[in-house]
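Everything below concerns the one structure shown next.
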Amino acid sequence: MSGDLLLKLELRSNPNLLSVVRGAMERLTEVFGFSAPECRSVTRAVDEALTNIMRHCYRGKLDQPIEVACSRVQRRGSAVRRTGLEILLSDRGPAVDPAKLRGRRLDEIKPGGLGLHFIRQSMDTVEFKRLRGMNQLRLVKYLQPSKQD
Amino acid sequence: MSGDLLLKLELRSNPNLLSVVRGAMERLTEVFGFSAPECRSVTRAVDEALTNIMRHCYRGKLDQPIEVACSRVQRRGSAVRRTGLEILLSDRGPAVDPAKLRGRRLDEIKPGGLGLHFIRQSMDTVEFKRLRGMNQLRLVKYLQPSKQD
Amino acid sequence: MQISARRVDKTTIFDVIGDIDLANSPQIRKALLHEIREARTPKVVMNLTKVRYIDSSGVASLVEGLKASRDAGSRFILFGLSPAAREVLQLSRLLKIFEVHDNEEQALAS
Amino acid sequence: MQISARRVDKTTIFDVIGDIDLANSPQIRKALLHEIREARTPKVVMNLTKVRYIDSSGVASLVEGLKASRDAGSRFILFGLSPAAREVLQLSRLLKIFEVHDNEEQALAS
């Protein structure tokens, strides 16, 4: 896996900035070569991941740092080489308890517990890591084989 | 002048990323409280400033670093306190020759020489500076008095 | 995001402009619950024509509206879903749970 | 950005989708100059209905098209300007220099 940084965003944990990140992600996914539904879906995943950081990690505090780093990556190893968009989200909140990272069952009608589902449904890779005092969420979405450059 | 960082973008000097920055700026200016024409005009100024960095400073090289830092600032001193959006654009290209920073006359019909006009027409403050081996362009746009918080 | 209310006979129509996300879903929730629980409006309609995006907290607010209206024995209707809004309800398996119409005319006639 | 050409009688209509900026204005310029100088099409129309944004390099490409068409004694017409596109031509003092129409019908009838 080799990365080629395209864009890095640094923001505070203020929900008013969510639309700003979506504005950037909508365009970045388009430029990257994803289809319109894929663009919406990757943008949604990043938005939901940021929402979770703001709500669960920073518990509503508005001035905490978040970083979103977007890179072009190649998946080797398998017979076909595939190009993907990797998005690394980092925060300085307390360590996330992996046992809590579970959405609710989808066959109930009740509010909440949907964000992680949306993220997992959108992305090919979803990995949580604790690294140098930071939570790091790594999301990757690969281009369809026909769109590979 | 006291700053409160809202958003920082790091990108390479690749024109494909211009639309990504516009996507972020369109939303940031909206969230900040500017009117729709002001949002378009500030977004245009940032876009044109980045275009100039890519063309004139980095001479078309695609992999050079650019930073866009957006902060909320207050103008004191004058009787009325005004809130503004400050956008600092930094690059690591060769020093800009201030004598060359001139657009063409607008009464000629010919291509080129428009970017600086657009920037100056949009923003309340436009300042070029050389700082620690970097070119820094500082743009500020103040909210209309009625929109002050 | 802007939300405003209109009254047509016994129906309240909420016109929403802009994205619904964590920054404003509490405001949507409050407006909905007030209209359903306090004002006891028999039919509440959400005009989402100008809403491009709804996040999971927005979906949660709509679900709260739906539950409140079921409790109150009233109706809660959505119309004008954008592709992203439709997708988010589909992913939540809620598209068939909500009463969804294409436009205002159909929502009012229903 | 996508650009494609349609022919209606002796007119070529370019349909452009997406923003015009430094990333693609050379492509616009090339398509225009080919149509005006090489194909010598007597009337070239730019459909900008689906163009939200035009930067100064895009304006420069349009100016080149205008100059080439003046040299060739042909016509060069724009229609469907978004607010941002209209503003950028106004700021460049070019809005009155270009032949601008509201829609395709008017552009073709002109």
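Letters are used for the chains, namely A, B, C and D, taken in the order the chains are written, and counting of residues starts over at 1 for each.
In the analysis below, a residue touches a chain if its C-beta (ideal position, glycine included) is under 8 Å from a C-beta of that chain, and two chains touch if they have at least 3 such contacts.
The shown structure was predicted, so the numbers you read here are calculated from the model rather than taken from an experiment.
> Not counting chain B, which chains belong to the same connected group?
A, C | D
> So, comparing C-alpha centroids, which chain is the farthest one from chain B?
Measuring from the centre of chain B, the most distant chain centre belongs to C.
> Can you check how far apart chain C and chain D are, centre to centre, with Cα atoms defining each centre and the answer in Å?
Those two chain centres are 42 Å apart.
> For chain A and chain B, what's the span in angstrom between their mean Cα positions?
Computed value for the inter-centroid distance: 28 Å.
> Can you list the residues of chain B that touch 2 or more other chains?
16, 19, 22
> Quick one: which residues in chain D touch 2 or more of the other chains?
Residues: none.
> Quick one: which chain pairs are touching?
Pairs of chains that touch one another: A-B, A-C, B-D.
> Which residues of chain A touch chain C in the complex?
Touching chain C: residues 15-16, 18-19, 22, 36-37, 40-41, 44, 47-48, 51, 54-55, 106-107, 109-112, 114-115, 117-118, 121 of chain A.
> What residues of chain A sit close enough to touch chain B in their complex?
5-12, 16-17, 19-28, 30-31
> What part of chain D is in contact with chain B in the complex they form?
Within the complex, chain D contacts chain B at residues 19, 21-23, 53, 55-57, 59-61, 63-64, 66-67, 83-84, 87-88, 91-94, 97.
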